[in-house]
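There are two complexes below, and they share chain A, which is joined by chain B in the first and by chain C in the second.
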Partner chain A sequence: MDALTRDPPQNAAVQDPARPQLDLELRGIRKRFGGFTAVDGVSLKVEKGQFVCLLGPSGCGKTTTLRCIAGLEEPDDGGILIGGKEVTRDPPWQRDIAMMFQDFALFPHMTVAKQVGFGLEMLKKPKAEIAKRVQHVLKSFEILELAERKPASLSGGQRQRVALARAMITEPRILLLDEPIGALDYSLRETVMLELKLLQQRTGISFIWVTHDQNEAFSLGDLVVVMNHARIEQQGSPEDILQRPATAFVAGFVQGNNVFRGKVVGEGAGVLSVETAAGTFRVPAIGTPPVLGSDVSFSVRAEQLTDAPTDQHPNRLTVQCTTVEYFGAVRRHIFQRRDGELLKYDQFGAHAQRVAVGQTAVLGWQVEDSVLHVGVAR
Partner chain B sequence: MSTIRVRSPASYWLAVPAAVWMLGVVVVPIVLLVWVSLWSGRAFSPASPLTFDNYAKFFANPTYIKLIGSTVVHTATLMAVTGVLGYCIAYFLVVKVRSPRWRLVLFLAFIVPFWTSTLIRAIAWVPFLGVNGVINQTLMFVGVTQSPIEAFLYSRAGITMAQVSLYTMLAAGPVVYMLNSIPPQLREAAMTLKAAPFTVFRRIIFPLTLPGVVIGQVLVFLNVMSDFATVATIGGNKHALLSNLVMLFYESSQIRGASVVAVMLMLCMLVGVVVALRVVDIRRLGA
Partner chain C sequence: MRALDYRTRSRITAWVLGALTLAFLAYQWLPIFTLGVLSFAGPTGGTTFPMNGTSFHWYQELWRATVMNDFKPPLLRSTLLALACSATTVVLSVMAAQAMRGQFRGHGWFFYLLLLGIMAPGILVGFGFAIMMRLLGVELSWDTTTFLTHVSWTLPFGFLTMLAIFNRFDKKLEEAALTLGASRIVAFRRVTFPLILPGVIGAGLFGFSLSYDEFPRSMFTTGPDMTLPLAVMAQLDRQLTPEIYAVGTATTFFSLFAVTMCTFAFWAMRRQVQGRNS
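Now for the complex of A and B:
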């Protein structure tokens, strides 16, 4: 991919020198379809060469956000800046982006070579240059031997490569990817993910990757943006989101969190007492402590629990084990909580099983392992 | 579910009814037609010796040769007009009309007239095109002309107008189908690859609908070539195409002449269809 070197920014004059250069900025974009609000005030800053994952359940507005960035939808409100240039009302073909579609959207009547060269053709590059660059890109994506084939005769993995080559050849500032590996066989995904991550790092093109799969988001993203109901719930590094979920939704959406909702019944020395249907627990306060009696939620990660609580584990629950799932790396125990929800407790997979199905156990965790959700509870 | 293997005896037996039907209504009549066209002499009898005299007579008459030419020109004109108009209608229906209900309503409005026979619809044009017809009265009312335009009825223009209205949907239908089968992401993918809308149409949409265009053109071509009724009704006795010549010979009991012209007409059609199939492989339409 050494051919994919970036041109110098064409709009350097528009840049605000005080700010670090942003590849993309969304300023409170809103999009409604009839009575349905698909995107409701989404703001986002993407630094140069960042790998951003928009993560959320289906219908959360992540794809609409992506389509707004591409120019395929026009936001009702708000602004979109690409490389510091206002493009909110610009059509897709005037934006410095490329897009990879979920089902790849290959042109059925064009050969792979024609298809990959299409973007350069549109940029009115000379024929000889197009042929040379297509050749080079096909070679670097290891699909040179497919050059004269048409999409109908390609496998899923091959199509994915062609779609990627077609999008990358114009060296856009931002590559938008809508569930780019969702259509691939499961066994292929891990390899392709790694390849894409390496490609992104090598080219320095910002990737905006839409997915509902948190494994993809957390293993790929420099910045993960969790969306729900047309809004951003939380954005941060994968570690931020996994270790410090900001809302009950984020905590419940990402794997391995036990979420509790309750009322603040006491406060002292920076620790809150929270009364829930499953018992009363001690949770460290963050920022301005909530007033007594207010509704709060917190979570604790499944791997932070212990089945042999000591004095250091004042938060305790007596629960019965209903299922044990073995994933190799972890052994997950599912318990029935008193408030009707499930409690998850993870052990290292390499360790011997300590709690059997049907067994009642006392599980505990340290005060500082509870994470209070500071985001607006919705 | 049981399936029938391609070369099993059952599959051949199942093809028999259709084969018999095709033999009876297509193959045998065509063989008869060609046979009769080769009869010589004056007697109308199967005993006549077979020669090419009838064809020689046909080609010796420059009027007939010219008629082939004018039939081809007329058909080509209609194909061009219905092709462009039909494509526009199809594009409008599929791409521009967003509401499925409106699309259905409009589609029905275009299709329902086809429930009437071609002859009736051709005749229905007469009160529109006549000297005191609707078009002329409208034009005079609006003030475009002072006196009625006589060129509408009993003219080549009138025939063309009527046939355009009769056959445009034949050109549009297959294009509607092809346009519907293009995933919207292809258009979007092309746009994100820096193609402006007209380029998207020229490079993506049109090539993908080309099979539909060609099929539509074949349908219009075959229908116009064989349409003697509209030409006779709207054209009066002033205009004729190859198909009318068949009628003319037939009505004057010149069966051999009629079969010669019919064979010529058939050959023209065959050439047209072969040319069309060279452009697009209809059998691979679904792919």
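Now for the complex of A and C:
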């Protein structure tokens, strides 16, 4: 219907200069497999050259969303725009995208040079130009010496580079990456992540990176989209999601949050009293204040707790320490809450351990460190 | 008594199984070998030992055939028929297996109906088909009616081969090609086909060898111009000479040659697919 009422923009020049051009727009896409809803009304805007991470547990619909963008799945409902052009029903080969698969999906029967040149060959470029550009790309990815090898004889790191070179050679508008470093050795991942981030910044190609690893998402993404049960729970900068989780799911999924669920039992001066199974706590109200007696959830980050509460820390809990994990910069204490859940308390710095295993401690935090979840709870 | 050491036991098992395998191979090959030897019997030799000397007499007989026992036209017919069956099986089984991947509505029925060609007794298929053709007023001939019944026999074998191949095929490779700008046809030609080629060759071999020596499905459907198995059978009815053995030996060598060529092609493809440098 949209296409009938107005002409879609043909190129960047005719676009409204006040509106930044979007590389990708998802308008409420929905995808169902039999009785299972894999993607349920996902909307997303990706600005030019943005690094977007789709984060969520397995089965949350992040990969299906990616496959819809690629055109490998057709959404039942909703629209997909790439560079302002409606492509919802277009096949993959007509979209300005490239995709990197989790296990790289290299063609086993083609040499490295042949498969890196595949995309250009599909664009019917002259042979001499293909050879030149393949040479150039292989050189810039430092895999020139592998040109005549076949994938079976390559190491994991080499395959990853070949897959990346193959996807990037046509300079697509968007690069879709499905768990692109999941198949690599753990020791390689950090280096590769940094390289990919630098590559993305240099080329200005929008990256849409699917992962279940929050470290990847938070260290790479300009925009992090947290998905669960086929829907987007929250999207925002890594800071937004870490400091202001919008739902109990996000707070629980992201490391280092202590999540509390309870009922609003009082309200005054912008502060709510929330009664939980672990006690009653004071939480700053945001947005429209919830009705007395309604169910809410809030969270407090593990590093915001203190084991020596003062008058500034009216929210307090008496708990017993069950275990302590040591990470170098952080010492994480795990306590058993009265409601059976765990309470995490992070102590920074190389100080001596303050609370021993088996010891009972009073932990407290400031009112403003509690974050009320304002997202729609489902 | 102490039980045998596990090494001794596994050594004994290996010997027993090895001996069984050799006995089986002998059982499979000795009759053919005997026929091969007897085909070189002297001119006065019969169809059993003693051979009364050795000669190429029966091969010369084969070549100097009379109208009554000329095997060359049936041989030509059978070869052409087998080649046609092979090509048809390859094309149809690849297409049918591709269709099965799509899980279309009724694909379960499609699967079982195709496999019916293996289950149904050949003699009934041939007879029923001949009756149906008679009712329809279609003249029976080796290159039309026999061809169709043979394909109904060879196709399920090729189909099963291709299903097995596609079962192990990584769909992501095709998807990678699509996202790199290849249309479905180009992705099939450049990525899918080279990777399933070993299976395609296998399906082709099934098509050839199953059709080449097919008797029951040919018996009623062939009409006046016989295929090789029918001609051999007719000859057996008339008189038994080592010439039959010569036919058998010659065609066996021909088949072995064909299989060797295909195996070589297969090997070359695998090399192509897996890459030779490591």
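Heads up, the rule we're going with is that the second predicted complex is superposed on the first by the 359 of 378 C-alpha atoms of A that agree within 3 Å, B and C clash if a C-alpha of one lies under 4 Å from a C-alpha of the other, contacts with A are read in each partner's own complex, and residues count from 1 in each chain.
We adopt the following convention: a contact is a pair of C-beta atoms (placed from the backbone, for glycine too) under 8 Å apart; a residue touches a chain by one contact, two chains touch by 3 or more.
These numbers come from a predicted model, not from an experiment.
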### Task
Specify the outcome, clash or fit, for chain B and chain C once both structures are aligned onto chain A.
clash
### Task
Applying the touch criterion given at the start, work out whether A:148 contacts chain B, chain C, both or neither, answering first, second, both or neither.
second
### Query
So, A:348: does it touch chain B (first), chain C (second), both, or neither?
neither
### Message
By the touch definition at the top of the document, which applies to A:326: first (chain B), second (chain C), both, or neither?
### Response
neither
### Touched partner set for A:98, first chain B, second chain C, both or neither
both
### Message
Looking at A:36 after the superposition, I want to know if it touches chain B, chain C, both of them or none. Which is it: first, second, both, neither?
### Response
neither
## Note on the structure
Residue overlap on chain A between the chain B interface and the chain C interface 70-72, 91-93, 95, 97-99, 101, 103, 105-109, 118-119, 122-123, 152, 166-167, 170, 176
### List of chain B residues in touch with chain A within their complex
183, 185-186, 188-196, 199, 203-204, 207-208, 287
### Query
For the complex, which residues does chain A have touching chain C?
70-72, 91-93, 95, 97-99, 101, 103, 105-109, 111, 118-119, 122-123, 148-153, 166-167, 170, 176
### Message
Applying the document's contact rule, which stretches of chain A touch chain B when the two form their complex?
### Response
70-72, 91-93, 95, 97-99, 101, 103, 105-109, 118-119, 122-123, 152, 166-167, 170, 176
### Message
Under the stated contact criterion, what part of chain C meets chain A in this complex?
### Response
170, 172-173, 175-184, 186, 190-191, 194-195, 272-278
